[in-house]
Structures are given as C-alpha cells and as structure tokens.
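Would you mind keeping the following structure in view while I ask a few things?
Chains: A, B and C, in written order; residue numbering restarts at 1 for each.
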C-alpha cells in the first residue's frame, strides 16, 4: 500500500484525500443503461413532469392545474375533451339531449361504464357527487363551477337544505337530468372540469365522513375512480403513478400502460431531467433555454398559446391613478412587442385587450395601440406635464425572476417616456395576495387563466365588488352588460355584450393588459396524440409512445 | 456524565415549549393564511374551512388545543396536504434527508478536516494555499451553483449519474457531494484556524522537542485542541444537514424534509411549520448536547457541570 | 490525556499586563504593517469598497439603464464585464451591488463580533446555570422559523416606513435597516457557540487560573486574557460569515427584504447568474469572482490580523 510508504503526515493525508476524491466516480457502475425514456417507449409508460406537487387527488377538494391533469387520468366526466381542440366528446354519457330553451340537459349514460372496483357508474353517482361538492360543510373551493345548476347556490349557501330541490336528478340508473337556472351556452365545456367528476360515495363513506376533508379515500389502496387509469402510488414531493384501468369501458383504446407524474417544482431541474432522458414531457421550460431549444432542437419544444393573460392591476382609489387619463397614459407607453421579444422571450402575444385570443366565435379586438405622444398629452391634461408634480407610483409583484424582469422593463419605459418616479416592491406570495386583497398597492402584477373556454371567465372579474376585482373600479354600465350576457342564451348576442363590456374596460383601464401567456413544453418526439390546447389539458387515454420511423 | 446528560435532556422541555409558543403566535400574526390563493375563495367558504380546522376559535383556545395535541406528540393534519398528517409527512421525508445528510456529513468531515490539517502543517506554502483556495471557491459558489454544475457535468455531460431524482442508490452521490463540499469548505477553514492556534502552543513544541513523530504530534496532541472550533460549529451545522437542505433538495428533486421547512412557511401550513420547527429544535438541542460531550472528551480538564 | 496538563506554561501571557494598555494593539499594528500580503489585501479591500461607493457616480454607464434589444452580451469595450438579460452594464451593477453587500457584511461582522463573542465568552467563562440559560436561548433562536420571522418583521414595521423616508435621501432605504435587524438576530449564534467552546477549554489553562489567583476582575480576565487567545477561530469564522451573509441577503430579497430592483447586490447577482450559467456564464463568473476576490483578501487580512494579535508569538 502506497499509503503506508508515505513518511510525513502531509503525504499520507494527501494520498487519503486523493483516494477519497478519486473513489467517488467508481462507487457506482458507469455502464450505459437504458434511459427511462427508452424503457418507457418500450413498455408504453409515459414519464411526465407535472409541476407543483399535487396537494390532493380528491376532485372536490383540489384547485390546481397539476391536480387537474392527474385527475383527468383517474376520472371521467359525463363528456370528455377531444385531444386536439377540447371539443366535447361522449364520456360516461353516450349521448345527451338539450331542451329547446337550453335549460334542461338529459344525459344518457353508457351501461358498460364501471368504477375501478367493478361497480357500475350510475346517474345517482353523479347526483351524489354534486351533493357532496355543494355541501356547505365540505367548503369546496370550486363549488361555484356547479352554480349554473338550478338551486345549487341556494343549497350550498344553506338557504335551502333539501337537495331534492337542486336541479340534478337521476331519472333511472342511466339517465341523468340537469336543469339550469339560466341558459349556459358553454355548459358542455364547463362540465369537463374536475369539479364535475363523479366520485364513488360508498368508498368515501367507508373511510370516514362525507364532508371530512381529511377522509383518506383518495390515497393509494383506498382509491376508487372511473377513469382510464387507476392510482397506484402517490409519494409526496416525488411522483404519482397511475396504471391502465382494467375496468374502464374503453380500455381497448387506451394504449399507455402507466403514467408517472413527477413533481417538478424546479424548472431547471426538470429541463435537466428531460435532457438526461428521464422525462418524455415537461411542464415548463426555463426562460433562457427556450431560445436555445428553438434554435438547436426545434422539434423538441412547443410554445403554444394558452387561455391566460398577464396584466397589471391599477388601484383606482389611490390619488394619481384615480384619473382615467393617467391610467391610459401608463398603458400607452408600454412597448409590448419589445417586452415579449426581449424580456419574456417565450413567444407570448402582446395584449391590447383582456380576453385572450382563441375562443371560438369571440374575435379578439385590439382596443388601443402604443402611442407615446398621446400618453404625454394625457399626462399633461391630468396636470402632470412632463411628469411634473406626479407623486410617483410603485409596482408590486410577487417574487419571481420573470415578474421582476417585466417590472424592471416597464419601470424603465414609464420613467423614460413619462418622466415619473417609479419604484418596485416584491413580496412573498401570500403577503402579496394579502396586500392586493387589502388594496394596499398602486400597481400590482397579476395573471389570470380561464377554467373553461369563455370570455366570461375573464370579464366577470371586474364587476363591482367582485371577489377578484381588487382594483376598486366600479362601472354601472359594465356591470349591466356582464349581467345581461349571463342571462343570454344566444351565443352571438352574448359575445357582442362581452365585446361592449370589454370596450368599457379598456377605455377606463383599471387594468393594463400586457401579454397572453404561452405554455412552453419540452416533448419527446415519440409522444403521440399530445396536441397543444388552449387550456393546456391533454386527455391521457389517447396518448401513446412511438418513436419516429426515420 | 449521566447526570449531566439527564439534566440537559430536561432542559429540552422549556426550549421546546418556548419555541412552540413563539412559533405559534408568529404564524398567526404573519399576513396571509393557509387558504389564500390567487383565485379568491368566497368569504363563507373560508369561514367553513377555518371552522373545519378549528381556526375560528379564539386564539388562546387554539393555542391550548395545539399544546395539548403537541404533548401527545400529535402535530395534526397538514393544511397543504389535507389527506395526510404532519407526523406522516415528517416520518416519510426525514429518513431521506437523514440518509443524504449522513453522506454529506461524511464527505464534509473527511474532506474538511484532511484539507484543514494539511493546510495548517505548512502555513503559507503551496500545501496551504491550494486546499484553502479550493475552500474559498467552495464558499463563494454555494450549493445553488455547485448543484447545477455537478448535475450538468456528471449527470448530463458524462452521464455517470442521473441529474436528479431519488430512485436509485447512485442518485445519492451528486447531492451528497454538493452538500458535503459546501460544509467541507467551512470545516477546512475552521480546522486550519484551530490547528494553527494549537500548533503554536507550548505543549506541542515540547512534544516535538521530546522527539515525538510528526504524525503522533498531530493525531495525539494537536487535533484534540485544533478541532474545538469545528466541533462547536458542527452542532448546528449537523442539525441543518440532517434535516435536509431546501436548495439541494429542489435542485436534485429529492423528497426530503428540507423542502418542508421552506415551503410550509410559504404555504402558511401552520401545523406543518410547527411540526418541522419543533423537530429541528429537538435535533439542535440534542446535537448541541453531543457537541458538549465531545468538548469535554477532547479536553479532560473540563468536567461535566 | 493532553500533554498540556503536565507542562508549565513557559511564557505566561499575563506578562503583557505589566506593559501600558495600548501597546498590545500598537504592537499588533506594527506587526500587521510588516505583513505584506495582509497589507496588500487591506489596500485591495479599501479600493474595492471605494470603487463600489464612488465608482457608480463616475462611470458613464448606469446600473439601471436597459437596452432590451441588446440583451445579454459577453464582455466588450463598451461593457467591460458584459451586460445582463435586460442589457444593463454588469460592471456598474457589480459596483453598485457591492454597496449593499459590504454594508450587510459590516453589519453581520459587527453583530457577530460584539454580541456573539461577548455572549459566548460570558457563557463559557461563567459556566453553570448561566451558561445553560444563555445557550438554550441560542438554541431557541436557532430553531425559530426564520422565514416567518422575516415576513413578520416587514409587516410589523411597515407603518414606520414613512417616518424613515428621509433616510432614502442618503441612499439608505428603510428596508435596509430591517435587513440589518434580521441579520442581527441570527448572525451571532454560531459565533457564540464557537467562542464558548474555546473559552471553556481555555478557562482551565494555567495562565487563566493564575490570573484568578492574582485576584484579577472577571471582566478583565475575559477581555484581556481570554479573547486575545481565541482570536484565531473568531477571525476565521468572521471571514466565513461574510460570504454566507451576503448570500443570505439574496434570500431575504426574495422575501421582499433588502434591496429592491433595479438596485442589486452581489448575492442577488450570483443567484441570478446561477440560473443562467449555461447560457451566459459571465453573469455568474464576474459577481462570483468579485466575491471570491473579496474573500481572499479578507482571509489574508484575517490571517495577518491573527498573527499580529497573537499574544504568544508577540513575546517570542
């Protein structure tokens, strides 16, 4: 042993250090093994990055998008999404009838739909699920999704206690009738959301109370679902594993044998995992890597628009922003093209209205364009010529590298063109939520994504005293238009009302739209039937893995 | 010595009590609650949720209930993960962090002490400057730099390891090195400083003069005194290592306890914060006790008092 | 069994006691001035600090002016250290970032040298019940959730912000005071533990017992005899605290405490650089290098100080 031949202590210690350092690479085998991506293609096992760690797999309790994606594998609603454009396709319901007035939907359930424990899926299961979702004691956050059902709101707020008065009835085990309180033209799109998924009540009752949030029915081993996949593993901060369900009615068309949903909270780590062949799909792409992929490996990256908008809220109760002219001036000097091209750099689309493009039948109309001269004139009219006397304005954002870059860029644009003092303040997420809610800000960064494809999901925000308004803005005509739109069954008339409301919103400018989000994704070429969709949802039953032939 | 340890263990009780109390009230005063989200929940649902978790009761009552549960060792349900209890989450995550922490500790102590001793034996020569320069680089580029670097190089360029995850035995190597290197840098600086102090002492000179071999001087005499600062430093450092590092766990996607420390605070997951904090406090007190025992063992003149 | 127990202490440091009080420090100063490396380091540090505080006023580029179309570019004649993602000159940003980082480092050093050393020395020297109480307080402070503490700190003092607005005219945002407060609460804990460990082992050494026998006051023993003898580890740990606290500052900025953009700090620059190190390595290398340079200088200065203040070496 050379170690023993060393005379001095330094020498021995040096050798020891060298041995320790050199030993590490050899501690493990360095042989090339198959990557997860390769074995996954062989065995039809999809490895997908899924973003934030899922909190729960109980469709009545979850609120997040990561959970929604997993639940789409575990459950099936009355109708399901088409993989390419999310149009409604038959799910548990084979077919459905809609009454003339658009108020009564009759769903005819297929008889071969089974729960993962073998029980048939019945109309009563759906009624029971709506009942649970609306139970005041459960405190389900998304129960408002069910409010189009007649008397659902009254029941869920405790004004009526008899669920029989709520407009959801099982006419027979395979016929479900849902009565709405007013026509909802996008109803079929609405009921694809996980808050409308059926749950297996006997299983829930077996593991505790119906309204107990900690009821453990949704843990592996206890779980019963009706989707194309069943829950096998759920490890906190690691992954959820689902396997093909042997009881699913359309199992012959389900090609994947299993899906791993990995919790990938760190976007850089996720990208490394993709590069190392550990993931077929990622949830996101690091901002600086987007261009690198687009230039070098464009076949691996997608940057598709989603139904989400990035905007700044203005507190219209704070003195300088009380003036509409100031609000407009601030909006007019932001160079959105520059912003999306050089700051966000993910193919985002500049926003000159609130509602994102892509909603069928709702034409996006730009309400304004950048105009520095006009903005300066407006400021002068408001009493701040060349920024004189302007008290300054503060931009609040929740701590995030991307939000900070946008805020810094806009700070520069405002300072440069309007010659006003602009300060920035970042706050930790929950503090930021608290600050915006209590209106303790001047300008605050915000984002909003649609839960279903309809302009109402965006324009409803800014009705007077709306829970998510948070700008202090109130406009009687706007409120009237939104309310009228909600009562209108005719799609065309309804959208025209929304357009008028949006005219008002963009004229008053209590919010400054900046850009429409895209969802950058890294995707292995073997992933098939995975299309870009507006809600970034992908029905897993159609997806399969097949390497490109070349 | 047994009495000393017993007395110290008894001191744990007031420490945990104070920590629990202060944390409880800090959490309730901090802005934002566990149910705040970007899409606001209607007021009446928030009230239902609060009633469900007992947050609608007067604060002192909540405090008493919490304390009573803590006495039974029950931290309660997590707010973020409604289907799981804090006890379960900690029980699942701690072994992961413990395992990683032990490897990292091993790396840190081996590398740190060896490098520190080498540097101290010939101060201001190459055998001092090289390890100390490496240590300095290790300090300037902490885990959030070395982690991605190691992951990129060994994970992606060379393909020796997975760049992240916690599925195979070899997945332990990169995070353990990342974490270990950072602490090794500290330990080597402290070892060098402590050793230099001791090597100047008269008894070492005497030992040398008496003709003791260099290795005997170092191992038998100098190390005992020279490691004092390292030992003092290791108490809290080991507690931090064994309970996991948020940065390393996110960089390598490891389901450890370190993430809970940070994320539970951000989520205002009251019960989880209290659980992790008390767990950490217990570990701090225990490890500092171990440190004090080692201090006495290194210096026989001290007595347990 | 340590040899120390059997050997007489050949040069009792008490001997200094006979000399005029100031000579310990004066001697040290002379010795330090003779140490070339330490002297160069000191000059380098002063130059660096000077550049950070005066530089941004002199250079033509500003730390906030963006050139979005330019984006991140490697070093060039116009931008010596390149530009960041928003096209801002990195050289000026490193200089301006140094201001906060240096202030933070000074604050942490101060806290750790005053509170930390005193706390640890007293606990270690007195021992017994007082030691137990003091050290359990340290344990408690270690354990409390720092994130929540910082968030609370910001909220509780929000109302005082207006009253301290005048400070901003001197370039000190109120936020910075809170940052110092947050650092002050935690940055002395490990120092206290290290000092306590050293003092405990020193306490039983002959020269301290002799000092006791001579009837010297406890405070005198601690400050004249103990502390000079534990300076080595104290200085080493101080130099370790400085980079750690600069990086801690980046985390606190994440919570909204500390600098607000477009102002930056070394910690923040390194953190941002780390995120893009594959694409724009210069955004990590230069701030990291600056911190490294500072650290090397600090270490050499620290070693020099230690040698200069070494009571044993002084009598050789």
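Following the convention adopted for this analysis, contacts are C-beta pairs under 8 Å (C-beta built on N, C-alpha and C of every residue); 3 or more make two chains touch, one makes a residue touch a chain.
Predicted model only: the values in this text are computed from it and were never measured.
Compared on C-beta pairs in contact, A-B and A-C come out with A-B as the pair having more. In this view the innermost chain, defined by its CA centroid being closest to the centroid of all protein CA atoms, is B. Rounded to whole angstrom, the centroid-to-centroid distance between subunit B and subunit C, based on C-alpha atoms, equals 21 Å. The distance from the centre of subunit A to the centre of subunit B, each centre being the mean of the chain's C-alpha atoms, comes to 36 Å. Per-chain Cα centroids separate subunit A from subunit C by 44 Å.
Shown for subunit B are the residues that touch two or more other chains, namely 31, 148, 152, 266.
Contact with two or more other chains is made by residues 268, 428, 431 of subunit A. Residues of subunit C in contact with two or more other chains: 151, 155, 278. Across the complex, subunit A is touched by residues 64-66, 68-69, 71, 85-87, 151, 154-155, 253-256, 260-262, 272, 275-276, 278-280 of subunit C. Considering their complex, residues 8-10, 12-14, 16-17, 20, 24-25, 27-30, 32, 55-56, 58, 61, 63, 136-141, 143-144, 157, 213-216, 218-219, 235-238, 262-266, 268-269, 272-273, 275-276, 278, 428-431, 433-435, 437, 447, 467-468 of subunit A touch subunit B. Taken in their complex, subunit C has these residues touching subunit B: 1-5, 7, 9-11, 127-128, 132, 135-136, 139-140, 142-145, 147-149, 151-152, 155-156, 189-190, 193-194, 196-198, 200-201, 204, 232-233, 235-237, 239-240, 243-244, 247, 270-271, 274, 277-278, 284, 288, 291-292, 295-296, 299, 306, 310, 312-313. The residues of subunit A lying in touch with subunit C in their complex are 268, 286, 288-289, 292, 338-339, 341-343, 399, 401, 404-405, 407-409, 411-412, 423-428, 431. On the subunit B side of its complex with subunit A, the touching residues are 31-33, 36-42, 44-45, 48-49, 52, 77, 80-84, 89, 92-93, 110-111, 114-115, 117-118, 121-122, 127, 148, 151-152, 155-156, 159-166, 169-170, 173, 177, 214-215, 218-219, 250-256, 259, 266-268.
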